[in-house]
Amino acid sequence: MPRPEIRQKLASAGLIVLFFVGWEVFCVVSGMSDLILPRPSQVFVTLVQRLPVLWPHIVQTLVTTMIGFILGVALGILLGALIGVSKTAYDTVYPLLIGFSSIPKVAVVPIFVLWFGSGTVPAVLTALAICFFPIVVNIATGLATTEPELEDVLKALGASKFDILWNVGLPRTMPFFFASLKVAITYAFVGTVLAETVASNRGIGNVMMSASSNFNVPLLFAGLFILAALGVALYVAFSLIEARVTGWATRRNDLAAAA
Amino acid sequence: MPRPEIRQKLASAGLIVLFFVGWEVFCVVSGMSDLILPRPSQVFVTLVQRLPVLWPHIVQTLVTTMIGFILGVALGILLGALIGVSKTAYDTVYPLLIGFSSIPKVAVVPIFVLWFGSGTVPAVLTALAICFFPIVVNIATGLATTEPELEDVLKALGASKFDILWNVGLPRTMPFFFASLKVAITYAFVGTVLAETVASNRGIGNVMMSASSNFNVPLLFAGLFILAALGVALYVAFSLIEARVTGWATRRNDLAAAA
Amino acid sequence: MHFVMMHAPLTAIEAETAARSRAAAIAVELSAAAVTFGQGERAVAALQATELRIPDGEFVALVGPSGCGKSTILKLAAGLVRPSAGVVVVGGREVAAKALRIGMAFQNPTMLPWLTIEQNVMLPLKIVEPYRSQFRRQRKASFRDKAHALLAQVGLTGFATRYPWQLSGGMLQRANLCRALIHEPRLLLLDEPFGALDQFTREELWSILQDLWLVHRPTVLLVTHDLREAGFLANRICVMSARPGRIIDDSAVAFARPRTIAMTFEPDFVALNQRLRDLITDARRAAPAPSEA
Amino acid sequence: MHFVMMHAPLTAIEAETAARSRAAAIAVELSAAAVTFGQGERAVAALQATELRIPDGEFVALVGPSGCGKSTILKLAAGLVRPSAGVVVVGGREVAAKALRIGMAFQNPTMLPWLTIEQNVMLPLKIVEPYRSQFRRQRKASFRDKAHALLAQVGLTGFATRYPWQLSGGMLQRANLCRALIHEPRLLLLDEPFGALDQFTREELWSILQDLWLVHRPTVLLVTHDLREAGFLANRICVMSARPGRIIDDSAVAFARPRTIAMTFEPDFVALNQRLRDLITDARRAAPAPSEA
Amino acid sequence: RADEVKIKFTLGWKTQGSDAAFFYAKDKGYFKDEGLDVVIDQGEGSGATVTRIMSGAYDAGFGDVNAIIQNASAKPDEAPVMVYMMWNRPPFAVVSKTASGIAGPKDLEGRTLGGAQGTPTTRLLTVFARTNGLDMEKIKLSNMAPNLQEPMLIKGDIDAALVFNITSYFNLVLNRQDPDKDFKWLTFGDYGLDLYSNGVMVSRKLLASNPKAVAGLVRAINKATIAIAKDQNAGMAAVVNFDNLVNEPVEKRRLQYSFDKLIISPEMKEIGIGDVKDDRMARAIGIVVEGYQLARAPKPEEIFSRQFLPPRTERDLVYVAN
């Protein structure tokens, strides 16, 4: 049945377009100064005009974010598994992480800069530091709520703790792992940009900082749009993987049977 | 069996203390400048000395964060339920939210300030804006992965979509809702502090800003410690509620039967 | 042993009368209903064009080999699965639950894990009118009594405030039955409700169910693998062929009511069983391999 | 119908010999084993001090009223539940799975929902030695053949690559049995493995299980509600009292092997059944209410 | 080249036209001629330059001398040393709308002032008030990020803003205002706070380990500053070469503004660019010590070292706007 699906997608796209039209209309009608909130059309024009100049910055931010994100995911899975499996880790690591997570990362960027100089490394570390926590929480919760019945299947076979984690805990947790990826990737961008605004000569964060100190608000918003677009692009990529990996969990037969 | 439980708690506390001792030792041994990373003992001394002065700021930040957080939770549940239930919402609202979430909130704070003046309102809004997304994602995922069998129990009774959401979807999602609360509360603090550093005369963010411009790094870190402590305190509060509400999901009978 | 029905809207005699006046009406009707799960190559034909008409107040048993589509028929009647071809009409409408008060015991007793047994059993009262509105208005205590009485009847006294995972398989199945009965449904869909029980508990529950049916005359569609059970309880026994299923035999069971366990050892009864056995044996022979279907 | 056992480490005759030489050894031993779930007021005594000794290679059936602790005994033997009093020794050690290769069919066929049926069935091969090491070394294809052969035997040809939720209740139970058998366990723990099946499928699987047992002589502990099933398959039938359970009768079943379905209608067999029925009837009478226990 | 001395140099803020000298020196190879490999990074604020250098992350930078005074008070061995004073006149100012009628310091009483926390202008307000006999009780101070000051001023949320004139002037331009006609500027320098401000500072470590490099650095910057004083377009070319996102016309005006309002002064003409007068420096230290309530007043030689300055003859700056 491709017909209704396409209609569905079109409706969705239409709604998104509507959002921007609404924004445009709001700006025009309210006479909002473009120094505060520019019209999306202004932003798009700026975006297109400046794209060649912005391009290296986009690449810089994307690469930095991806590295930080991948490291963050690895760290998140590790810590999440640790917390989900060990009571001691739950009692010690969790509060420390919560504490760390409550701290605005902008305060730790200077430490990274001191140790690693300004540029890419602190940005990677900031992205990592800001994005791993949602993954930890979701993995740990997924593991903690795994039905003992499923684990019993392996326990009866004399499986090791690691076997159980690998064959039951982690697969069961996948839907929530992917959920946390969506959160994590967006925060990874925020982290990179944060570090770039503080200490870097390149990247979207730097562009935005310079735009903002020049009151070039359309350019500032162009930076925001780029970030949003990068976030959405990665979200779409994950969604495709997610659909393959966690299809078992989202099967929906709501009244549908017809072939 | 209270004995092993107490020993467990002591071991956990010991490990946390060890963390701070390790930090202290690291600072001393590496000869780290306290302009970058002060020793925890310095920070604690500052904290205790300045507590009377800091107190109103702590209250300000806590109250602001709680308001933003509560609003964020409400918004998160609403949007999460919408996305979890409606395909169209999934296709439209999700990408928009991902886009919004990829934007560093520091860029939107000025807009809030210009609209609502400096002070509590922009801080509440920033906390809200930064913290609702993890809740949306986890609620939506929880609803999307609810087993159709559980829903069928209600469907057979002719229950409305809302009945099913209320009686099956949301309860099933609770463990992951609480997981997202842990993430959300920490980010809510970050949001408040962020807004306070941009435009406010009170709050921990303001204290940290002034400490940082006075090169008073121990005070800056005292601010961070306060934030961490507030985050952990709220985490503990949620954990208590969580244990009551989602006990069904975390039952663990691993080999344990003995009365 | 008597079925406790508190707040029953009708006395037994009134119910009898009502049942007779509705006798002509059709409660469940499947016309050329077919169900195919999945699409393309991976499609599984679960049900062939099936005809089934159940008048109001009848007790029909459905027997057939494993995987032939019995549960699918129940789900069609409950409106949980839509036919890929044909029409399903329940209580005169295509949307089942809006037309008739339905009670369903699923094959797998899916209790909501965050609710206690008592809360699980009371769930239909929270959803289905007229109980729903009363549930909000302080009738909770009397509803709880009702649930406890039902649970006591199936031997689960004292387990009301336990969680599902604290019960054994058979106990869960009994709680599942209670949930299907508590709101006095007009259409009762029972999917192997006694499968995990020992013979004695099972026979006790047969009697309870029969008493209930005699008083309230709901329409019942019972899936079972136990031919004695079918014979003891039903007015009519439908035999299904192997997957993709289809009803290949539909015989009335004429024994007088109330029936007794002793009756099931009488020659007539044994002969009925034997006939059904033979039918099913034939039916199984013809089972095609699934993916080649 | 013959049980397909590829890569069986022993031929049938070798296995027989091995079995005899191990005959004296005790595979499962429960000494004064009691299980209480929960603590304080809410405690449920599931099992009273229970004595059970199963020599290596024996086929024991466990029958008793619903909720009496049958599944709990299996879980004790599998090491999934620890006794609150007494000792459980399996294969000479207290940690069950390390001592003996165990195959378990749970009462509720808990398939891992993210794996296909074939992957679920092959799970033990991924975990248990010596298959585990071979699994990594390209033996996957032959293992898949083995899984397919087993699935074919229980009538699930063509469903190998389906997901668990695409199978009917009875089909899941059959897949569950395959998962318990695939790694040729030395101790087979079967919890009502045929409960959701029609009589014919059930009887076919009895024969398959009997053939398997005759060849490999694993120790089997079978929980069932079907006394004919117990009599057909087991060497010994243990009858349990109502909860908190305890073994109140332990009788040998002397009929010659291989047994046939026809045999179950012979007078001796019917008499055995009748005796067991009476025992269970008595046992059920004494059932106390749960929370007052 | 391997034998080049690597110097990590931090600017006072994001790329601005007023930083042209550093980019020019780099582009023209002046640094290289001195055997230096200077890496220029954007900064976080002219005060933060001091902490960046103290933390060891940077060897040198362009920043605020008053921040050195503040840090040298408590940590005399760690605070960087100013070796080349660029801005002879302080940029600290109070800006208000002409329409609001603030003609002198006294008019600030009863008003709301917007200040960015930690900036010298904001922190020196108390000293400014005392010097000019204002009652601080009557002045309401509202904290806000620097980039919110002008919009809030324009919107009317605050009556005046505590700013750097070189920044705020152009922020107003960018906000489509006329900073000369519609706004009134009260510069601290004109009201008794005769401070020095931004210049080139280096870490104590570099100073001790490689004085030759410091001298080279100063020489190169001096040469570049004098060159762009004559040709701002060449200076702007270097700025754009470093960061192609800058708004060139505005930054050029900013560069000229820096000469006009901050660098050129009678004193500079007398002693040459880069140097300070010790008595004025001592007074400035006194003001800062009082303003920040510092425990100890550092000596001028702890703050500023003229030993690396090129001879007076090489430090004659002639500014020609073009």
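Here the chain labels run A, B, C, D and E in written order, and each chain numbers its own residues starting at 1.
Quick note on the criterion: a contact is a pair of C-beta atoms (placed from the backbone, for glycine too) under 8 Å apart; a residue touches a chain by one contact, two chains touch by 3 or more.
By chain, with names taken from UniProt: A, B = ABC transporter permease.
All of these numbers come straight from a predicted model, not from anything done at the bench.
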What are the mutual neighbours of chain B and chain D in this structure? A, C
Using the touch rule from the top, point out the two chains with the most contacting C-beta pairs. A-B
Whole-Å gap between the CA centroids of chain A and chain C: 48
Quick one: chain A and chain B, Cα centre-to-centre, how many Å? 16
Whole-Å distance, chain B centre to chain E centre, using C-alpha means? 40
Could you work out how far the Cα centre of chain C sits from that of chain D, in whole Å? 30
Junction residues of chain C, two or more chains touched: 37-38, 79-80, 108, 165
Where does chain E touch two or more other chains at once, residue-wise? 51, 55-56, 147, 151
Where chain A touches two or more other chains, by residue: 36, 110, 114, 148, 212, 246, 249, 251, 253
In the complex with chain C, residue positions of chain D that touch it: 37-38, 44, 63-67, 71, 107-108, 155-159, 162, 166-171, 174, 191-192, 195-202, 225, 227, 277, 280-281, 284, 287, 289-293
Chain B contacts chain E in the complex at 33, 35-36, 109-110, 113-114, 117-118, 197-201, 206, 209-210, 212-215
Which residues of chain E touch chain A in their complex? 8, 13-15, 40-42, 44, 51-52, 55-57, 146-147, 150-151, 171, 174-176, 243-247, 250
Chain D contacts chain A in the complex at 75, 78-80, 96-98, 102, 104, 106, 108, 110, 112-115, 123-124, 126-128, 163, 165, 183, 189
Could you list, by residue number, the parts of chain B that touch chain C in their complex? 147, 149-150, 152-159, 163, 167-168, 171-172, 174, 246, 248-249, 251
